[in-house]
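Heads up, the next two complexes both have chain A, just with different partners, chain B and then chain C.
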Partner chain A sequence: MGTKDVKPTRSELIELKKKIKLSQSGHKLLKMKRDGLILEFFEILNKAKGVRNELDDAYDNATEKIGIAEAVEGRMVIKSTALALKEGPVISLESHNIMGVVVPKIEASSVHKSINKRGYGILGTSSCIDETVDSYEILVDKIILAAEIETTMKRLLEDIEKTKRRVNALEFKVIPEMQEAMDFIRFRLDEMERENTFRLKRIKA
Partner chain B sequence: MELAVVGDGEFVTGFRLAGVQKVYKINEESKLEETVKGIFNDSSIGIIVMHSNDFNKLPETLRDTLSESVEPTLVTLGGTGQSSNLRDKIKQAVGVDLWK
Partner chain C sequence: MRLFQKLRRRGSPAASSGSSNYAYVTARVRAMKSNLLPNETYPRLINMDLDEITRFIEETQYKQDVDELARKFKGVDLIEHALNRNLAVTFSKMIDISEGELNYLITEYLKNYDIWDIKTILRGKYYNATLEEIKDNLVSAGQFKYNFLSELAEKESYENVIDALSNTDYYPILKNYDGTNLPEIENQLDTLYYQRLFNAIGTPKSSDRKLFSKLIRTEIDIKNIKTMFRMKKEGVEDGELEDLVLDGGLRFSLKEINKMIPLPFADFINSLEKYPYWEAMSDLVTPDMESLVDLETSLTKYTIKSAASFSHAYPLSIVPIMDYMISKKNEVNNLRIITRGKAANLDEDIIKNQLVI
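Here is the complex of A and B:
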């Protein structure tokens, strides 16, 4: 809103006053939302750091185990065992709400299976394979956790940015411009009043 | 929702052992991009798992869309590919490097 295209009328002035008041309360609310989001983000950040490290550890462990299993049993055995597995982890996605940001809550079922439910023969395979399966199940668990937390972080970051931009736009652009317009109207109204008194005086004289 | 694993034979076999059904074995590098795009458009997949070496082989635009997408979410293993990506985002949004 440029200063030039406001009409210097009293009703416009009242309208502007109302608008400024509304924007200021909106600004206050958005500021609180931003602070809240950042607080929430800090909590998630701490979790995310831990989860990342755990994920890397789990991955290293799993690759080591499968390496051993391949060395002991041979690649073909591992592959055929892998093909025997039928049941996979099922992920369910739920969403919950952090200060207006919808974040996913990922839950997995049947990642960990007991040895006799895995689908391959226990007698035909060695304990190396069991260990490998175990370590990969742990890895999948960690992946699901990491996916949840990292998605939450992404969403929160996006929203923090958006809210921050809104707060700044209100604070540095919208409100000052309206105030400027208000000052302009006041000035014009005063000026018109002075002109009027002067004119009246001239007519009288 | 399901988990999808993309990678070379060795990488994928382990996940098959954990019972993951949707595994995509990449024998030639040229097929990687095509496969990932296919998975990306598959609505039944909630999480994509890749090795960060494979991830870095993808063209940059696809990498960006993948790391920004929420559904499916991408998780890379090995290396430091993803954490640096998140780090940049944190720097951009908060203004301070808070990661580590």
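Here is the complex of A and C:
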């Protein structure tokens, strides 16, 4: 808002005062939101680090288990056994709100199946296969958890960035410009007041 | 000579009847056994990289299989398929050259491959897998020839597969498959395999048949131990475990197993101490054990070593033939463990632990 565009009227001054007050309270609220989001973000970041480490461990474990199973039983056996299970896990996606940021909540059912519900017979298979299946079930769980936490983190980061831009815009541009405009109007109104007083004095004289 | 043998066998009315040609088959087996890799090969292979192992395998009896499959597969998959193909050809040859009762015993012993192939085809149909996927996982090392298995795999649905098997011993079980109860059907097929094998032994009278019986019944015991460990560790209900134990074990009667089933895991382990298999387990079993892989490997080693220990006892009997088949299977397993283990970057100790040397 340039000072040239401002009409130096009393009503404009009142309007600007209202706007500045609103902007200042908005600025305060956005600052609080930004700080809250940052706090929330750091909490989730710690959780995400833990989950990422768990995911890496689960992946390494699953890779080792399938490596052993392929060595001991053969890839043909693993592939054939894998055909016995058609149903994948059921994944449901919901959302919840953290300070106005919509983040996903991912829930999965039927990831873990007991040994006798995995589709393959017990007598023709070995514990190598059981342990590989176990390790991949754990891996799927970790992937789902990591997906939820990392998406939440990404959304929070985007919103923190957006809120920070708004706070900065209010703090360094919008409010100072309005204050400048208000000062200009005050100055112009004072000037007009002085001109009127001078004009009246001249008429009297 | 082989043609003569084949003609003679075709003329025999039933596989279990007629005279057996132990002398001929054991002579062939002795010759084939000389082609097996000596035990000192495996530590050398562990020290080689994957390319060197591949080159080594291509210079052995597996060369022809590698060459023939090289157009379709590559890398470690090629090695695994070549090993399995060689095993299938070798075992089919054993069925082809044997006669009478010997042929019956070998066929019964190798029927686990037929069962495996039936399971693979049914799983493939259940999953709607492609024909190629199903065919790639078949091993025709049993009574069923590859062409027959291919035809089965090409059938439209599982119902057609089962219809095509209506003349086999598996049909009474397979006819109960409704498209949803595959695990039960698989377990019943495996139980049938051991039942038939146990029945094939009958009441052994001669010393060599007693040894053969010991070998098979030890295998049944080991299978029961493995099943009990797996199911107990997973906390599966006792009733379900009872359905999975096999009758005919050497040391474990059904009565003894039924006593073990309700025991808590720690007590179950203690109850095994009085059996000869304990020596293969004692260092590995604890009430809070996490993995059963090493235990299973140790028990498999026990079976193979006990078979090898009496392989020279009766030169003109089923015993050296069984020993050869077990040794051949073990060679294929060992080569696969090394190549797959190397390809998966497994620790050398893990690879060594899984080898049966």
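The rule we apply is simple: the second predicted complex is superposed on the first by the 205 of 205 C-alpha atoms of A that agree within 3 Å, B and C clash if a C-alpha of one lies under 4 Å from a C-alpha of the other, contacts with A are read in each partner's own complex, and residues count from 1 in each chain.
Here, contacts are C-beta pairs under 8 Å (C-beta built on N, C-alpha and C of every residue); 3 or more make two chains touch, one makes a residue touch a chain.
All values reported here derive from a predicted model rather than from experimental measurement.
Of the two partners chain B and chain C, more chain A residues are in touch with B. In the superposition on chain A, contact of A:L157 is made with chain B only, not with chain C.
Applying the stated contact rule after C-alpha superposition, one finds that A:A71 touches chain C and leaves chain B untouched.
In the superposition on chain A, contact is made by A:S80 with chain C only, not with chain B. Once the two complexes are overlaid on the shared chain, A:A147 sits against chain B while remaining clear of chain C. Of the two partner chains, both chain B and chain C are touched by A:T63. Contact with neither chain B nor chain C is seen for A:L170 once the two complexes are overlaid on the shared chain. Contacts of A:L139 after superposition on the shared chain: chain B is touched, whereas chain C is not.
Shared interface residues of chain A, touching chain B in one complex and chain C in the other, are 63, 66, 79, 81, 83, 85-86, 118.
Looking at the complex, you find that chain A touches chain C at residues 63-64, 66-68, 70-72, 74-77, 79-81, 83-86, 114-116, 118-124, 126-128, 130-131.
Those residues of chain C whose C-beta lies close enough to touch chain A in the complex are 76-77, 80-81, 84, 115-116, 119-120, 123-124, 126-129, 133, 136-137, 139, 182-187, 189-191, 223, 226-227, 229-231, 234, 236, 240, 244, 246, 291-293, 295-297, 333, 336-338, 340-341, 344-346, 350-351, 354.
Chain B makes touch with chain A in their complex at residues 1-3, 10, 13-21, 46-47, 49, 68, 70-71, 73, 75, 77-78, 82-83, 86, 89-90, 92-94, 98-100.
Against chain B, the residues of chain A that register as touching in their complex are 38, 41-42, 45, 48-49, 52, 55-56, 59, 62-63, 66, 78-79, 81-83, 85-93, 104, 106, 110-111, 113, 118, 129, 132-133, 136-137, 139-140, 143-144, 146-147, 150-151, 153-155, 157-158, 160-161, 164.
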